[in-house]
């Protein structure tokens, strides 16, 4: 088995809801509710789920971009939540993030070359010539032309901005990159370019990805393993091949069947889930999925199913598996 | 819908185009706004009039000549003379220096206090933020005109010398106004902090210094510029109101406000409008001009208004 | 074959910007037939929404303006109607739903009020009759407890529910044509499946024609009878749905079909169309796709290809690859 | 809602304490006091001292603060030295005169601002819109005293359309209708000036707010329903544009009761602001302090009112 790069145990992230006369906390949005997983060096782990399932919050919490509520996060064996501020800052280049929104992720007042290169200054490279060289080299890798060095972000299209975001993450020679819905805001023809860029980079630089997306087909294309989330919990996780061949959790099955296939002759056997996604502030009892589950029974309402290995490294949380 | 029509894409032919910095774009937008440009011309005119005009005046501020007192506007005294026979135009220009200066310096003080406290509150959050904002609440609820009036009266009672009163006034007006700016700056910083590029600075492990000076401040400056511009007008109006009541800038130092207080004398008010209408018009023009500029700047600096 | 319901003839909708003219819709012609679902597919900025908004005459002016062409609705040119006549057709015979269910409903009016409005306006129902009909409609779009929903405000409903309400509003006056502008783009997949189901259902029950605007070829395959592909303001290909997916002609259509990963069909590497959509300002008179096209010839750079069928009557495209004349003139 | 109001009222306490300290500290800086201000050369030093101790002016500042603050908590704002009456009575006597011009100006400025705001937003970039914009800027920049003086000069002195100042013609012993007309004539100019002063920024606010709303998706939906433009603007857009504006209504509260000091002074209008300016000349501490606190309380209550109104107007906000 390969080396574990990122180890997440019982991670919880609750956002408080306040109320009452003194604005005391009266409840929590359980964005991430007791999630554990490992990411091995060189692999790419996909996280899928619908809006509000907590996948993006996980991405930010394991990088300590927001504070956790409970649990541990070990990166290369270091607990990133017990590191002092300065040490954490020094470690940051090793773990990077690419954001979803190509517009808000770049500072409108900073030239692209500077945006990509500025982190080098703060991590000990002070020779501006070297920095410029490295920026240009990285821009080249990411498919940006050198004349764009002195341009401002507003002059770029969504796809190019996403390339800039990738270059900014890449220049620090990271080992681990969280890609938070990096292609959701892009058009199909541009999506393919970015997906290809990400997979080329992984191959050339032995990168490890946590790839967050709501699009199962993109995850299938790019990831080695996939975790499926629903309302803050991991409901199923296994290797991509296994998951798509043999999905076990009823939610995973429904999610897969809901994706429209671009083939008019395709015979659909769709499981249409009834109702809406419940609010993560007030999740259902027992198995959180029971309100929409086609096979739910009494036990699902009362008891949360155990998240267990059913063999072949296939983890699932359902009473009926 | 506009999102569907206008993707900002780049053509090959833009390769040769010069880089358009955000400031240049703002300048271009500003100069395209007719009202703002008119405001700018008006304010430049006022400055030239007040600071350079007196140099060309044939009269002297201390030309007391009772035989020339209360003259209506004529060839020698374009705007007439007052009861001591002094030239109104000259006095008005010199008064303008004082009024404009009070407005500018008071605003500088406002900006220094307001922007610093707002930025500190927004950046550090938590306890510091709470503390600063509670103090701001107190200042917000203070009725500003009554307080200014009391303070003006205090200055009179402390027998502050007329020539140094203007400095006290600058400080008082400046200090009382800090909350608006502090709130704006804090709000802007809180908004910025939610933006993904600020999260990126954290993820990249940038130093706090760079985060503040390269990322936060440059994006906050537009807000400060607009608020500061508008607050110059406010400060000038406050000063003139106080001076009109006789508790701001007091004679012999001329200011537009205390020149208007000539109107308190019924005869002067009725029969000698040249004593008080010109300085009133100056206040009006200056404040309209500043408001126009401020509004133009707001539109020019706001990234949301794409043109 | 069914009767023509709407015919776009050489529609031109332009937007004036400080940088130049954007021909958002440039000489677009196609036909929507009765009882048919026609999908307009393309990427952002291709003019698909503007085409629909031109049909509704809801183009914001300035900067936008319909500068040429005709839009025939049951044989009558909508562009020649007065404002008043047009507003009698809008929401009545032609209705529309939008991409953002979260912001498309007025937050300060109750759901009931918003559904009743067109009923009282176009069907001339009184308040009571309108309420009765509104509750039926809420039921029709698959929401339980319609009486309760009637009195709620939009913010109390989820995105999926709101889109159902939008559909109810659109259906209130039995329109002949329902325009759906990216109706599921803002929704989660499981909710998207519900809404698409609902739309299919409704089309069967009410025999309404649908003009569906989308960027998702999966949705197209599921919903469409007939497909129109747009790129940079122009129609570049149109065909019945099977025909388009099985035998796409235009290189752009081909590229789009290959660029999207498909579930359970793992490829080593995605096909990707290089480059990006051209700047829409002051485009030249050539094939707008030429600089991204792997089959680009000299003529593509200087002359627009004609839009016509190459073989089957119903399948048209605009590409020099299928033309005899290839010499640069 | 009730809980929310209680919480907000509780939160006001520390703010009020802060305000009272600042106000008291400022007034304590004033050298001299009521006794010296009324300096009667015939009054002996002993007599002065005696009066001081009666009024409690001889105690150290902090003690005076606590006495004053303690009394205020009990609702006792002290007695105005100048009027020889409790401060609350003085305020109550004159505040309604201020209220008369305040409420009319409020009504007119909102009315004018709404209409012009809506139409200049509806016809953005039109000639009408440009004129409105320019007028708005002029109104926003008017120095109140100067415009007041100009109007008095032209309308009252030169054209003799209106009385020069005051609230009733002196010596007139009119009652009923005649009295009403007389007050109306006197109040016309101050109301006009006050209306001009607040219409500018209000119009601008309505215009911006309307412009924002008109761009929203639900306005497009309303148009797509085939609604008449009138319905779209007045039912769908206007209601939404009003919500943020309703908040402003709360902020009008202090202005309504606080009196427009300078204007009342110029128009010799016997409002509470006018009395306040006089009290400063007289160094009438209890009144100065009491009235300033009164204004601060109005401001805080106005803020609360603004938030509550917002919660009522907007179904999306549920106040907790």
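Lettered A, B, C and D in written order, each chain numbered from 1.
As a convention for this text, a residue touches a chain if its C-beta (ideal position, glycine included) is under 8 Å from a C-beta of that chain, and two chains touch if they have at least 3 such contacts.
What you see is a predicted model, and the numbers here were worked out from it, not measured in a lab.
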{"item": "Chain nearest the overall C-alpha centroid of the shown protein atoms", "value": "B"}
{"item": "Interface with more contacting C-beta pairs, comparing C-D to B-D", "value": "B-D"}
{"item": "Centroid comparison with chain A (C-alpha atoms), farthest chain", "value": "D"}
{"item": "Averaged-CA centre spacing for the pair chain D and chain C, given as whole angstrom", "value": "54"}
{"item": "Chain A and chain D, separation of their C-alpha mean positions in angstrom", "value": "54"}
{"item": "Centroid distance [mean C-alpha coordinates] between chain D and chain B, Å", "value": "23"}
{"item": "Approximate Å spacing (C-alpha centroids) for the pair chain A, chain B", "value": "48"}
{"item": "For chain A, residues that touch 2 or more chains besides their own", "value": "157, 160"}
{"item": "Junction residues of chain D, two or more chains touched", "value": "none"}
{"item": "Contacts with two or more other chains, residues of chain B listed in rising order", "value": "7, 9-10, 14"}
{"item": "Chain C contact footprint on chain A (complex, rising order)", "value": "50-51, 157, 159-160, 187-193, 195-196, 199, 214, 216-218, 220-221, 244, 254-266, 268, 270, 272-274, 276-277, 292"}
{"item": "Chain D residues touching chain C - in the complex, by the definition given at the top", "value": "125, 216-218, 220-229, 235-236, 239-240, 243, 313-316"}
{"item": "Partner chain B, residues of chain A touching it in the complex", "value": "60, 63, 65, 88-93, 95-97, 99-101, 104-111, 118-119, 121-123, 147, 150-152, 154-158, 160, 165, 168-169, 172"}
{"item": "Contact set on chain D toward chain B in their complex", "value": "14-15, 18-19, 22-23, 26-27, 29-32, 133-134, 137-138, 140-146, 149-150, 153, 157, 254, 258, 261-262, 265, 276-277, 280-281, 288, 291-292, 295-296, 299-300, 303"}
{"item": "In the complex with chain D, residue positions of chain B that touch it", "value": "35, 134-135, 137-138, 140-143, 145-147, 149-151, 153-154, 157-158, 233, 237, 240-241, 244-245, 260, 263, 269-270, 273, 276-277, 280, 283-284, 287-288, 290-292, 295"}
